[in-house]
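Heads up, the next two complexes both have chain A, just with different partners, chain B and then chain C.
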Partner chain A sequence: MSFLEKIGHFETNLSKSFTDIFFFAGIVLLRMFRRKTYSSAMRSVLVNQIYFTSVQILPVFIAVSIIFGSLLIGIVFQLLKGLGLTGFFGNVLMGLIVTELSPFFTVLLITLRSGSAINTEIAVMKVNSEIKTLETFRIDVIDYLLVPRVINGVVSLVLLSSLFSVVLMFSGILFSKIIFGISIDAYINILLNSANFSDIVIALVKCAVFGFFITLIPIRFGLRASHELTSIPIAVSGGMVNVFTAIMIIEVLSLITKLF
Partner chain B sequence: MNISLIKQYHENMPMAQAHDIAITALQRLGLEHIAYKRNPSLNNEERFCVMLLRAVMVRDAIVIIDRPFKIIPHLNKINFFLDTLKKIEDFYINCHIYDYKWMSERYGDLCH
Partner chain C sequence: MSLSREFKVGLFIVLTAIVILLSLLYLAYEKGFFEKVFTFTLSSKSGDGFTEGMPVVFSGFNIGKVHALELNDKGIVLIRIKIPERHVKWVKKDSTFILYRPLIGASRIIVITNNLYSPQLPEDKIPEVEIVNDINDVITKVPPLIEKITLIADNLETLSKNLANPKGDFNRILNSVTKVTDNLDNILKKVDKIADKTDAQLFSKDGTLPQINNILKDIIGKLEKLNTTVDNINKISQDASEGMKDFRTLRSDIDDTVNAIDDVVNKLDDLISSKKDPEFKAP
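Up next, the complex of A and B:
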């Protein structure tokens, strides 16, 4: 195969993969807005999924948020003081840390924990013919298995990212007092003045889009597993690589959106 | 849990109600202790009973058992299957068992 053929082959596969993911995303999105989808069985799965993703992770997530958030805030504030940019700390806190780093940090954590778990779970179900059994009983796999996981991704990402932002802002109170000698009232005042409503909306939409794709892509790749056990690691690694690519694409798109 | 899923999905039955029906059905077969076990931890008899209960959860169920001795190979007689079916006969309308002709001796008088 010549070099040009290799490029062509790569491009063809890439466009096929994109088309497949977006077509699948369209189907799942339509089902999300259909009343019939929300059966008793689906609601049970949704509650369980939210519990596994958002509630079980809380102790670890809060601990990591406090440690990582305090470290980040401390370094950034110290740097701003060193550069003589104390007046911009509110803009940096809201514009960079709350609306950019919080969603990014949260999506990485949830992808590593839940994205990989969902990918493996679906691939194992495919290998064990559990999905075929569900279809035998006329249980719609998209409604019962996929939609709850995707909704859970959206809800969890938005909530956990907001929680991370809140933890960061609380860390900010402590560090602004130590580093800049700013009182709580002044700190809150600076934060409110620096908060840009459109940035917060973009951050929340970005979280929702992150949540949608970090669950949808692992599911899609999990469903691609064959009936052989050896197809599980292939499906999982393929899914996770594509999830990280999607995270980067969404991040870039959100930055472009902010420019306009 | 997989047994109650059928009622939850097709009849939109609340989880607690569907769960009670599944537990009652398992109790009739003396298997309530396996309610929260997963498939790999069940023995052949238990797995057959779960498959059967899952099948009869469908409304107006007509049960078709294809080669039962393939599911529980160590059994020599059909009695276990018949006893199990008898215990839950009000859950289904009709039941058909299919198997190869050379297995007829395991079915005794039932074979036709």
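Up next, the complex of A and C:
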């Protein structure tokens, strides 16, 4: 195979993969807005998914948020003070930490914990022919297995990211008092002046899109596993690489959206 | 009592959603989404530096923002600003509006109100915006600065050329300095010789200083002798002083005697004058 053929092959595969993912995303999205999808079994799966993804890790997530968030805010504030950019700390806190780093940190955490788990789970189900069994019993796999996981991703990402932002705001009160000697009233005023509704809405939408794709892509790659056990790690690694690519693409798209 | 999984999930979703909604509502309230907004129109000859959404600032606080920019039939730029009801009190009839374009940071319209008791700015009045432009100020200051820097660079170039040229002024000065230094060295050698000679003349065995030393020693010896003489003179003076005391006593005795004689003479005179025969026989 010549070099040009290799490039063409890569490009064809990439386009095919993109088309496949977007087509699959379209199907799942349509099912999400269909009333019939929300059967009692599906709701039960959804509750379990949210429990495992968000509620179970909540104490650890809040602890990590406090430690990581406080460290981050402390470093950023110290840096701003050193550079003489004290006047911009509200913009940095709202524009960079709350609307950019909070979703990014949360999406990384959820991807590492739940994305990989969903990918493996679906691949194992595929290898063990569990999915085929469900289809044999005329259970809609998309409604029963996929939609709850995707909705869970959206809900968990939006809620956990917001929680992370709230924790950061409270850390900010402490550090702004210690580093800049700013009172709580002044701190709130600075935050209000720096906060833009559009930025917050973009951040929330970005979280939802993150949540959608970090569950959808692992599911899609899990479903690509064959009936051999060796296909599981291939499906998981392929899924995770694509998830991280998707995270980067969404991040860049959100930045472009902000520019307009 | 262990809570059911459904309850925990429901609690998590509800509580987090409440936190998010309350935060958004608070932000909306503080941003003035629920209050009446007043629209004022400002004018400017140029639209440079104005953008929609630009903040309107009073005493460092955001009180509103630029809502829209329009160009009227006369070519004047109209800037529509929106101010929430709670901040309208800062915008008065005699308020000044300044477009401030800092070198670093976002541009903003600054409202300056000197008299807070003056009437509110009518919505149909169109005050003109003054422009303070840090960037342009800097740009206007830069060309003279560049000219000066160019001049300095030219001078430095001339200087470096002069330095590099062996027949240049600087090298000539350096040569002259070398000659002066040589001359100074010769002079210093001569001074050194003179100093040596002077040293010999002053401090050798037969030098001036030993001779002065001997003279001084001789003078000291003579002074010691004089000291004895002065002591003797002192003694004589003391004796004379004591003699003078005796002399005073003697004199007082003589005075007494003369007085006594005077008394006797007076008495004799009285006696003689009282006798018919003035003869007197002395014993």
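Note that in this section the second predicted complex is superposed on the first by the 260 of 260 C-alpha atoms of A that agree within 3 Å, B and C clash if a C-alpha of one lies under 4 Å from a C-alpha of the other, contacts with A are read in each partner's own complex, and residues count from 1 in each chain.
Quick note on the criterion: a residue touches a chain if its C-beta (ideal position, glycine included) is under 8 Å from a C-beta of that chain, and two chains touch if they have at least 3 such contacts.
These numbers come from a predicted model, not from an experiment.
K.L.:
Clash or fit: what happens to chain B and chain C when chain A is overlaid?
P.N.:
Overlaying the two structures gives chain B and chain C room side by side.
K.L.:
Tell me which partner A:Tyr144 touches in the superposition: chain B (first), chain C (second), both or neither.
P.N.:
A:Tyr144 contacts chain B only, not chain C.
K.L.:
Give the angle at the C-alpha centre of chain A formed by the C-alpha centres of chain B and chain C in the superposed arrangement, rounded to the nearest 10 degrees.
P.N.:
For this superposed arrangement the angle is about 160 degrees.
K.L.:
Tell me which of chain B and chain C touches more residues of chain A.
P.N.:
Comparing chain B with chain C, the partner touching more chain A residues is C.
K.L.:
Applying the document's definition of touch, where does A:Phe3 land relative to chain B and chain C: first, second, both, or neither?
P.N.:
Neither chain B nor chain C is touched by A:Phe3.
K.L.:
With both complexes superposed on chain A, which partner does A:Phe33 reach: first (chain B), second (chain C), both or neither?
P.N.:
neither
K.L.:
If we overlay the two complexes on their shared chain A, which of chain B and chain C does A:Phe260 touch? Say first, second, both or neither.
P.N.:
Neither: A:Phe260 stays clear of chain B and chain C.
K.L.:
After the superposition on A, what does A:Ala41 contact: first (chain B), second (chain C), both or neither?
P.N.:
The first partner, chain B, only.
K.L.:
Check the superposed model and tell me the shortest C-alpha distance between chain B and chain C, rounded to whole Å.
P.N.:
Nearest C-alpha pair, chain B versus chain C: 12 Å apart.
K.L.:
So which bits of chain A does chain B touch that chain C touches too?
P.N.:
Dual-contact residues (chain A): none.
K.L.:
Using the touch definition up top, name the residues of chain A that touch chain C in the complex.
P.N.:
Its residues touching chain C are 47-48, 50-51, 54-55, 58, 87-88, 155, 158-159, 162-163, 166, 189, 192-193, 195, 197, 200.
K.L.:
Can you tell me which positions in chain B touch chain A when the two form their complex?
P.N.:
5-6, 8-10, 12-15, 18, 39, 54, 58
K.L.:
Inside the complex, what are the residues of chain A that reach chain B?
P.N.:
39-42, 44, 128, 137-139, 144
K.L.:
Applying the document's contact rule, which stretches of chain C touch chain A when the two form their complex?
P.N.:
Checking each residue of chain C against chain A gives 5-6, 8-9, 12-13, 16-17, 19-20, 23-24, 27-28, 30-31, 61-62, 105.
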